[in-house]
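Just passing along the structure, written as structure tokens.
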Amino acid sequence: MFEIIKEIKEKKHQEINGEMFIVMEKHFLDAKNGDKYIGLKLKDKSGIIEAKIWKNLYHLHENFKEGDFVKLKAKTNYYKDNWQLIIENIEKIEVDETIKDEFLPKTKKDIEVLTKELFAIINGTQNQAIKKLLLSVFEEDEFFAKFKKAPAAKSMHHAYIGGLMEHTISVAKIAKEIAKFYMPIDTDILVAGALLHDIGKVYEIDASTFNYTNEGKLIGHIVIGYNLVKEKIKNIKLSNEQEVQILHCILAHHGEYEYGSPKIPKTKEALLLHLIDTMDSKMEPLQNIQANETNWSESIKILGRSFFVPKTNKTEELTLF
Amino acid sequence: MFEIIKEIKEKKHQEINGEMFIVMEKHFLDAKNGDKYIGLKLKDKSGIIEAKIWKNLYHLHENFKEGDFVKLKAKTNYYKDNWQLIIENIEKIEVDETIKDEFLPKTKKDIEVLTKELFAIINGTQNQAIKKLLLSVFEEDEFFAKFKKAPAAKSMHHAYIGGLMEHTISVAKIAKEIAKFYMPIDTDILVAGALLHDIGKVYEIDASTFNYTNEGKLIGHIVIGYNLVKEKIKNIKLSNEQEVQILHCILAHHGEYEYGSPKIPKTKEALLLHLIDTMDSKMEPLQNIQANETNWSESIKILGRSFFVPKTNKTEELTLF
Amino acid sequence: MFEIIKEIKEKKHQEINGEMFIVMEKHFLDAKNGDKYIGLKLKDKSGIIEAKIWKNLYHLHENFKEGDFVKLKAKTNYYKDNWQLIIENIEKIEVDETIKDEFLPKTKKDIEVLTKELFAIINGTQNQAIKKLLLSVFEEDEFFAKFKKAPAAKSMHHAYIGGLMEHTISVAKIAKEIAKFYMPIDTDILVAGALLHDIGKVYEIDASTFNYTNEGKLIGHIVIGYNLVKEKIKNIKLSNEQEVQILHCILAHHGEYEYGSPKIPKTKEALLLHLIDTMDSKMEPLQNIQANETNWSESIKILGRSFFVPKTNKTEELTLF
Amino acid sequence: MFEIIKEIKEKKHQEINGEMFIVMEKHFLDAKNGDKYIGLKLKDKSGIIEAKIWKNLYHLHENFKEGDFVKLKAKTNYYKDNWQLIIENIEKIEVDETIKDEFLPKTKKDIEVLTKELFAIINGTQNQAIKKLLLSVFEEDEFFAKFKKAPAAKSMHHAYIGGLMEHTISVAKIAKEIAKFYMPIDTDILVAGALLHDIGKVYEIDASTFNYTNEGKLIGHIVIGYNLVKEKIKNIKLSNEQEVQILHCILAHHGEYEYGSPKIPKTKEALLLHLIDTMDSKMEPLQNIQANETNWSESIKILGRSFFVPKTNKTEELTLF
Amino acid sequence: MFEIIKEIKEKKHQEINGEMFIVMEKHFLDAKNGDKYIGLKLKDKSGIIEAKIWKNLYHLHENFKEGDFVKLKAKTNYYKDNWQLIIENIEKIEVDETIKDEFLPKTKKDIEVLTKELFAIINGTQNQAIKKLLLSVFEEDEFFAKFKKAPAAKSMHHAYIGGLMEHTISVAKIAKEIAKFYMPIDTDILVAGALLHDIGKVYEIDASTFNYTNEGKLIGHIVIGYNLVKEKIKNIKLSNEQEVQILHCILAHHGEYEYGSPKIPKTKEALLLHLIDTMDSKMEPLQNIQANETNWSESIKILGRSFFVPKTNKTEELTLF
Amino acid sequence: MFEIIKEIKEKKHQEINGEMFIVMEKHFLDAKNGDKYIGLKLKDKSGIIEAKIWKNLYHLHENFKEGDFVKLKAKTNYYKDNWQLIIENIEKIEVDETIKDEFLPKTKKDIEVLTKELFAIINGTQNQAIKKLLLSVFEEDEFFAKFKKAPAAKSMHHAYIGGLMEHTISVAKIAKEIAKFYMPIDTDILVAGALLHDIGKVYEIDASTFNYTNEGKLIGHIVIGYNLVKEKIKNIKLSNEQEVQILHCILAHHGEYEYGSPKIPKTKEALLLHLIDTMDSKMEPLQNIQANETNWSESIKILGRSFFVPKTNKTEELTLF
């Protein structure tokens, strides 16, 4: 269900009528020279497809905007080695939360299990002020509802509903394991840094379209997250040293200035958090790689190259070939 | 007055007794291998000098810490092409504000004139909410008392008391001039960005020693400044678009990720602010360059090279040679 | 008039016959493997369009070359999301200067007003030798006729007839304004540098096609301009110091070796000129940016990214959407 | 003969039936979303062409794999400015060595002459142990049979059968010439380095398809070559110093870490070898450049830019235009 | 015992007579201009000290060479903020292994415990061929005797006797922990890579002086280690895929070409190994950082910056201040 | 003779009186803070030595300037591991050309032989216009007198009298040899480029002090040389293509923008010239390397690292050790 795009690419439809998509991008193309058509990127659970409106565009334009759920009447068309839709009619539809939940790609893990893991990690912190800070962030219902659904990235890694939660917990769990090897480490600071480092992504990426928000493009998740935590700290009795260490973990987690961190790691905990965050971002996209006949995967976006997959690792569906 | 360091370098003293200095840096050197001596950097209005405590160090160590004003009994010593002090006694002294004011290198401009210029610029903004925001920042007495004294950098540019104020006003005035050439520009946003872009330096650099603070090293003036403004905005009726534009100006003013900006300029105003800030940082250290016989200045720190000064520009004191 | 390319993109023509274009580029494509077709880029005042000759190519090839004005018989074709022309016949035509003037994209400013501004700036210089040098360059009729028409770049900034003049004057005027903030500065040197820094572009870029010339590709505007000025100086009584400073301004105006400057700025005037030149090159392309529905412009070529345009800045024609 | 691809590009065929090609690449495209087609790159002596299998793909897929020689029934199709083949039937064929030899692009030089030159260079070495090492490598029949056919690269330089031999001899001959200018040099070490530096390419690149092998991608020719020589040295009485110098020449010949050398040149001979290898790699692709009407070549892949070719150098076939 | 250098720095000796040191470096300085003196770096368990021979240098020169154990007659001298020795007499002495063992800085861990851990990890591998390979490497007595003593680096990280063993086991243990988070992973390949990745350091660094060997400088530990394993594999029945994966882990463990890896990681296991190796190299030097009064450590060599140490982490000896 | 500096370093003088030196550098040090002393770099044939004037500096300052030959009364002093002179009196002396010729480090080759080689190369060019151009440059007496004496660099390579001539001829001879391997090449253009590429160094570096001139720092040898040739071409009937190719060779010979070339090589000849120039610059400083006991040379400045010299290459004087 909600996997029409996959079916179109399997040539199962010559036209569609009434199917549901979400509008990820909407552009008037060649707008300066005559505003000829509207180009769209549409998404459902099974993928992304391009679509174009050639006729009635000023009329149809009124019906919807980026981020809306729409139903279509359209013809399928194979063009430049990709399938596209030529839209004849498009209308906005209202969908309830249950449907939205089913509609987008989603973590394979159980959100409720992840939620329990998250709070178990929080409750495992020793320092009461830090525990209180973490609870004050994650027990805020409005925030946590968004957090549970947020993807961790547009396309690089964990790019699915629940991806942020999955990545956050993965980093925190690994951090706790690794900390044992490098004692003394302030594990509470490290865990707090791990759980909070990416919370700004809740507002940086629109979970309905996986697009960056204006705030995401102009402020960014590092500073947004810093600000969210800074606000919460006002009501918590952290020492100055604890406060600055936790905030520093957030600001420095990209590790290098050129990756957008306004500070590079200057505490043991911030450095370790950065190293684990990098590890998780690079390893997740490799987790389910499959290879072609010659043992090589497609290019992995975040790493910029293909990976060798030995024959014995190949999944069954590929061995059909 | 307070120019003993210059006099020492002019060989006017073989020993000093009771003169006043500020302790910029204090280190136990070779601490791991026997804690042999305390190394200091001392400052007065006329410069910086190194000093060492070889005797009674654990006793004298108790008397003072970094940032204190001290009076000394010491011998002068010419060592490795530099003058240094060998300290025999050192005691902390309390000094009142008037004396502090006279003690450190200071802008040649009149702080009161600069203050008037600053408020004239603020009052020149058209948008009432922006004007209110600026006033709420600069009319806060405690902040403004610090702002008036802050240097703009440790050593790169405007590294003197009042340097931050001087740089801030310079950027704002130039911004207003240049904006005319690139209309349409939202001059109020630009001026607000100019006046606020470096305010975090008030807490990044310790105005008594010109050292970076812990907060400066771990959070940095860009994010500190962002947070100061974000707090003030809570009580001001700015539109979302205005808020995000002003905050973006602060976050993006270093222009490139590798210079510590968590965002690069993505509005016309933020780009122009960045270009003018860069210009002012590079031009200020050139303002009073003098050349040696062969027409070349000393190496300018922020630019990393010497500059050619034509003969006709040379100041009189050099033509004595 | 001369805006057929815009009309083609607005679907107003299925074929054209006798319309005029200029040939910007002409290539035999796949030449090694059978010389199958001639690919062209054609330009008129309203834009650029691709065209192809599939039939009679060896015959039609004789009729014209790069840089010629031609008239066509051709069919319009929408291909790979772009309009192109399939040429049936093509002939060179001779056009007089008046027509050429109207034919290409052009500064919106009045060339005569710019000319007056230019000579006013020259006449404002205090040093008689420098003034004489500037007059000797800009009063040479053949040069000045070309200078008035030259674009400042192929596509990066001020890429239109008169763009070089407009950019040159903009830099000079801003330089004069900014100089006041950083006195002492030798304003005459600075203004001379500003007016002369890009004159080599007159011979680097072919003003009929906006392509780089062979000399442009092999020598470049920095050295061409250096040479033009060096020649003129022979007849002017500049001091050695003045000569070397003005020439250095030209050689160093790109600011960094990696941008093709054989020297980096080593005088106050050369540094300031470089900073203003950079500012003008980056700000000009932003001057008339328009945004799509989501507040973002198209990618600005010289800056490599899109810019945020607040809603209130949008031009009326876009608010129609 | 075996130049059908060139003929297709000259529009001499609308369909082909029974012609022979080698399969350079074979991919199931969009495999995840429905396995719609098989994309191929086919090669014969005259070039490379793309091909697609849309029908019967699971059946035809069984018939062949990458690296096979195949004969086709297919239609030619001009698509996106390139010719392609739409395959109706494809079958593997067995071809004998003579045919393979004629089938792929090949050095214009006579392999037997090159072989004599190679052994003349080996026999010219003074040091008996080094001569013995070189003979033990190049007299091994199985290796030498491969060496004679290997290309020196996939596409960058000397990308044809015999290219490795040609490049190797070119580097060795130039090395001997240049060594005279920088005496004292250990010419035997230098020549040994020259002859051995790229021998790992025999196993890095598949000479039938010019693709990288798995070993090529995961180990690379530098380390493969190191290992081949290290093995041979076991049976030769080289001094430790000679051994380490020859192996260092191989490991360091790319000159910089970022080009994949695990060591940078730290002997006179290794540095000179690197400089000559670079020279030959950059000069070979320029050897037969031709220019278009405006004197400029196509972009040279290894150099990333077009080159100016003066009119008088143009080949006759181009002057027809 | 063997901690004279520390005592010299604590001013406990004005001269020494008969104390033992190891000669890390020995240079004839200003050799071209008169061969004035011999400069030495001497080491004992407690540190490194410079020494100079001014008199009898050609005579004393005969007595010893780099890497020798020597006993001295010398005066201590404080020069340029460092202690040095002015040597009057120097003689080589023979020392037995027990003394050597006590003489150099050493891991704080128990080598026998580490040995057991190592073999436990080896015995934990599932694949019998891989286990056999690992045993064939580490059960070779001569190699293992060296391996147990090798430092992991000259100065960057784990720069002490047993450091290589400690680092190797640390990487292997962490690898096994982290692998669980990214299944499917071939844990045996990963563990083999972890245990073997740095074994070349046994021959790259001279364990008596911590200097690089000639082979270390000209071949390097990556290729030396590759070769050691390649030799062992000859007698083991690994599949081609297993062999190439393990060797690739060694060649790619520095992760980027510019850090000297001739290949970048192209398998999941090689990438994870690289990430953990980097983590361990950066975290080890932070393990026992201590801070000065202002909470900042000395600059950490491998990271190039100081680290913040919160007050509560300070060691007792520093809180004495 | 004129080798006092070497003798001082051999401890043969405690004071000197009347010896001759050339003043390479002269600085008032700490000028801003009291103008305490004059620091000098002095040179004779055997090396460079630092010197200081502490007394009578304003008086002695009048006696000489940078570039003068002086005679001294001074004490030798060993300070910070280097010898220096403490000057008591200093006076300018006039020296005639013969003495100057003997005074500075000089090529070991015979200038007259080099001159003949140079003109032989010129006379070997086929194209009469190019030959005429070369003769017009090198037959100009004033220029050629300077050219014969110029060093090729301050310190990087060929840093001695006659070094420019030696380097120029070396590049030209190698170019002629290598050209044979890459025919077709326009050998006359290549040779002209080789002979002319560095002629600007005649005016970039002061041959009396090996310091950069003001023109050298502000214009640079690439553009100076371009201008010298451009002037000469006025009177020669070169085709446009020949002119632009020769000038391009000069402008592009550093090969990359970041090394100060305003254009990168875009002709076959310019690329080859660049490659050979690089080779000669890097190989010359290696020509006479000597190694210490452990086979390693001192760091080679232009290459930034030490080189391995096998035992058998060591010169006899070192084997004395």
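Should a chain be cited, it is by its letter among A, B, C, D, E and F, assigned in written order, with residues numbered from 1 in that chain.
The rule is simple: a contact is a pair of C-beta atoms (placed from the backbone, for glycine too) under 8 Å apart; a residue touches a chain by one contact, two chains touch by 3 or more.
Fair warning: this is a prediction, and the values are worked out from it, not measured in the lab.
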| item | value |
| --- | --- |
| For subunit D and subunit E, chains touching each | A, F |
| Most distant chain from subunit E, judged by the mean position of its C-alpha atoms | C |
| Furthest chain, CA centroid comparison against subunit B | D |
| Interface numbering overlap (same over half, different under half) for subunit D and subunit F | same |
| For subunit C paired with subunit D, centre-to-centre distance based on mean C-alpha positions, whole Å | 43 |
| Inter-chain centre distance, subunit C versus subunit F - centres from mean C-alpha coordinates, in Å | 41 |
| Separation of subunit C from subunit E, taking each centre as the mean of its C-alpha atoms, in whole Å | 60 |
| Residues of subunit F touching at least two other chains | 80, 214, 217-218, 245, 248, 266-267, 308 |
| Chain pairs that touch, as defined at the top of this document | A-B, A-C, A-D, A-E, B-C, B-E, B-F, C-D, C-F, D-E, D-F, E-F |
| Residues of subunit A defined as touching subunit E within the complex | 170, 173-174, 177-178, 181-182, 184, 186, 241-242, 245, 248, 264, 266-268, 271-272, 275-276, 278-279, 282-284, 286-287, 289, 303, 305-313 |
| Residues of subunit F that touch subunit E when the two form their complex | 6, 9-11, 46-47, 80-81, 292-296, 308, 318, 321 |
| In the complex with subunit B, residue positions of subunit F that touch it | 26-31, 33-34, 36, 58, 61, 65-66, 80, 214, 217-218 |
| In the complex with subunit D, residue positions of subunit E that touch it | 214-215, 217-220, 222-223, 226-227, 230, 244-245, 247-248, 251, 257-263, 266-267 |
